[in-house]
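You will see chain A twice below: alongside chain B first, and alongside chain C after that.
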Partner chain A sequence: MNQEEKPRSRLYALKPLLRVLPEVEVPKRHISFKEKFLWSALALLLFLVMTQVPLYGVERQTESFFGALRYVLASHAGSLVELGIGPIVTAGIIMQLLVGAKLIGLDLRDREDRSLFTGVQKLFAIFMALFQGGALVMGGWYTRGGPLLPVETRMVILGQLVLGAVVVMYLDELVSKYGFGSGIGLFIVGGVATEVIWQALSPFRYGGEPIGAVPFFVKTLVSGGPLSDAFLRGGANMLGVIATVLVFLLAVYAESMRVEIPIAYGRFGGIRGRYPLKFMYTSVIPVILAMAVFANLRLLAYFFPRLGFLDPYLSAPHGLTEVAGDPLRALIYFLLLVSLCVGFSILWVSLAGMGPREVAESLDESGFLIPGFRRDVRVMEQLLSRYISGLTVLSGLTVGALSAVADFLGALGSGTGILLAVGITYSLYEEIARERVSEMFPALRRFLGE
Partner chain B sequence: MSFRLSEIKRVLLVARKPGQEEFLEASKVTGLGVLLIGVVGFLIMSMGRLILGGG
Partner chain C sequence: MMRRREERLPPSGAGLMRYFSEEGEGIKVSPRTVVGFSLASILLVVFLHLMF
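Coming up: the complex of A and B.
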């Protein structure tokens, strides 16, 4: 370690501003299982209610600016949460990149620097909400083609969009500190799951026909209409229901695949075994990040029409007919998404402390060692790095490919949406299972690293 | 980190498919979780629709 006085980052100039920004306090005690559950449920409920609160000053919106990206962004057209988690995720990516590229001199291992980092990130998220909301409002999205709304009305709309984003930001922080997983994950699952059930089962009507695929199917059966309608109509159809189940099973399968590293446990490595790592090592995070990039590019293209040529490649063709209609677009989208996912997977491993060294340290602390070697972190790190680097690439590759293919199949709530819902719920399940064990056997808590 | 094809091959060699029981358990748990959240969301969305009226 170098002993020199490290120059303080210029970001410390923002400190007075950050002081007025509220923060959810870090819990000082162990949060019980029940309490975590309650906070998570409360945040999710609040979020779901917000998806139903229409923006004051705009006419009812039926079309989403973000198209199929809305599922990943947890965005709901014309509501307080139109921007969804977009601003938080975008701010997160950019800040992490700035730190990673050493463009801002913050050391995230330093406590003071880290607290400044989270503060600035929040400020930046609010700024992103202003930018994203601004692009929608100023670009005239809410009166498509019609005359622009008066400036005051547009400001009121922008204010609501930013307010919604700020509430989502604090709910996310609340869940991250007092609940299970993250608010971001929870809100994505909330939006996708709601959409799947809605499109499958909704008895409400649109244009005289039931919205839900199943009610429409039943109606067709009863009235003796052509069954092909129920499977192929525009809007939610039975083919979509089948695709949903298919994508669901595919996603669960991928999530429960493991890579087993030969390892030993106990004094002198008495017990030989295998240490399982998830095959989907970075899970669905690369897809969330990639989609956030797409959403921002789409906003930029909306604001700067010269970038409009990008638009077709920023969202997946929905359903096999669209893929067959323009296979080149599907291919470009596929390659673009997969490469972004590989990049973000590599980035995430280094950011989230999932690299060989960190894993080696935590395994070493728990008494694991490599068969045939003395107990040594460096040996462990070397062995792990032989697996983890390949795994990181493969994980990003797989999740990107799965996401694209899942969308091509045309599932309800979008294939990517289902993939994310499964990935996030699966991680929640793992976290809850760990939590239950540590609550029943408090001695294990130390072992699990709490 | 280094990224070579041989590394990816090595990972594929130690990859393990989920057992049937494991797969069923994971499907059940995730499926139930998603359904539960979906039904809550569905109810809230239906209420929103009833209050605001729907097009």
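Coming up: the complex of A and C.
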């Protein structure tokens, strides 16, 4: 055997299956801004329509199995997209962990391995949809503890859940290839935005009172009722509106913070500049991964009642009243979420090539050095490590703490949802800005990585 | 003035490493097919509600 030939991953055995798995063709030409906008809008519209299509064979569901996690998972109770992005994210996490732990022998620097990784991830997402849908259907979620539905009905419901998850998977791929950002991000933002607007402004009535916090506040003002009702009532209230604005501003501020490292260009007289590292180095990624873990633990706890003791700690108490009612639950949830976020932040940096070594190599290849130090990748790595290691932990810690506190304050559409919506929208804004520049100055496309 | 470089994440969507720019060996479908498939799925469930 050739010494340089690396052993092929066992996953290559799945190749025949992957050959018949459809994939959205890679665009052969530059996709214009207008086209990207249209494809993204169309995908979001289709997703939002699916949220309004109830599952056949199920009585109208209003309660979501995932509780407040539904915003993060873009899940809509009793609809074709009940599973939301859950299967895609779960499959992604497991695959990333397997690659990170070198258990499946894939080298993501290799083109063929990368292609296999993406294909297997899709296949695994379908399997996860079967598992998650199966847990809901077979666990009796749709009959609320009553006698199970006939087998045929259960199969039809499971089929619809898997179909919905597959459609979401392909819409996500469509947006990733032909639109802005990713479908996953777009669907989360779409769901959160709809919910925030609905809870803040809905003039429709439920139990004789307006659903929206603002119409209820106006009604209380006009009728001369006690203002405390408008701030403290159950459901959407003005405290939630204030918390939403607060979380929004905090998240935008945190996303825009940078640590700037002085650098100089090795040639042209050593022109100096600064290399900005985002304070939120891993952005909202750790929260999404942590929430996917919570959602799956919740499913397992539902399927295996012995794990039921975990359930209260897998979702945040919503609002200060709930926190005051059970402070221990709030504390455990907080610690659990923050620890998971820090862990995922560290994992993401090492898996995604954002560690000090990779950044130092990239700066060195571009001809940069750090003033006052000799030009050596190891020296640069050592220096960057001081910042990046700290930022990685701080980023996970901040995003986890922000998310938990935002939920404790009772922000509309869940604190985590708002945090994610801001993080995703911020990244989307940066991508759209890059896209605009590339449209106006086509010569810059190469520099923008297109 | 030196161009300010931004730390760019690898190809990802919500924390997942994906390499959609790589051409795989699967059956190629166009974006229009995906839209058609989504619409057909929606109509199928609506049809089930209307007919049964």
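Going forward, the second predicted complex is superposed on the first by the 420 of 450 C-alpha atoms of A that agree within 3 Å, B and C clash if a C-alpha of one lies under 4 Å from a C-alpha of the other, contacts with A are read in each partner's own complex, and residues count from 1 in each chain.
Rule of thumb we're sticking to: contacts are C-beta pairs under 8 Å (C-beta built on N, C-alpha and C of every residue); 3 or more make two chains touch, one makes a residue touch a chain.
Just so it is clear, the model here is predicted, and its values are computed rather than measured.
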Contacts of A:378 with chain B and chain C, given as first, second, both or neither: neither
Chain B versus chain C as contact partner of A:54, first or second or both or neither: both
Chain B versus chain C, judged by how many residues of chain A each one touches: C
Touched partner set for A:429, first chain B, second chain C, both or neither: first
Which superposed partner A:386 touches (first chain B, second chain C, both, neither): first
First, second, both or neither for A:257, with chain B first and chain C second: first
First, second, both or neither for A:85, with chain B first and chain C second: second
Touching both chain C and chain B, counted on chain A across the two superposed complexes: 49, 54, 276
Residues of chain B that touch chain A when the two form their complex: 1-4, 7-12, 14-18, 22-23, 26-27, 29-31, 33-35, 37-42, 44-49, 52, 54-55
Chain B-facing residues of chain A, complex: 44-45, 48-49, 51-52, 54, 60, 62, 189-194, 196-198, 201-202, 204, 206, 248-249, 252-253, 255-261, 276, 279, 346, 349, 355-356, 385-394, 421-422, 425-426, 428-429
Chain A to chain C touching residues, read off their complex: 15, 18-26, 39, 42, 46, 49-50, 53-57, 80, 85, 88-89, 92-93, 96, 99, 108, 111, 114-115, 117-119, 121, 156, 160, 163-164, 167, 170-174, 176-178, 181-185, 188, 263, 265, 271-278, 281, 283, 285-286, 288-289, 344, 348, 351-354, 359, 424, 430, 449
Chain C residues within the chain A interface of the complex: 1-10, 12-31, 33-35, 37-39, 41-42, 44-46, 48-49, 52
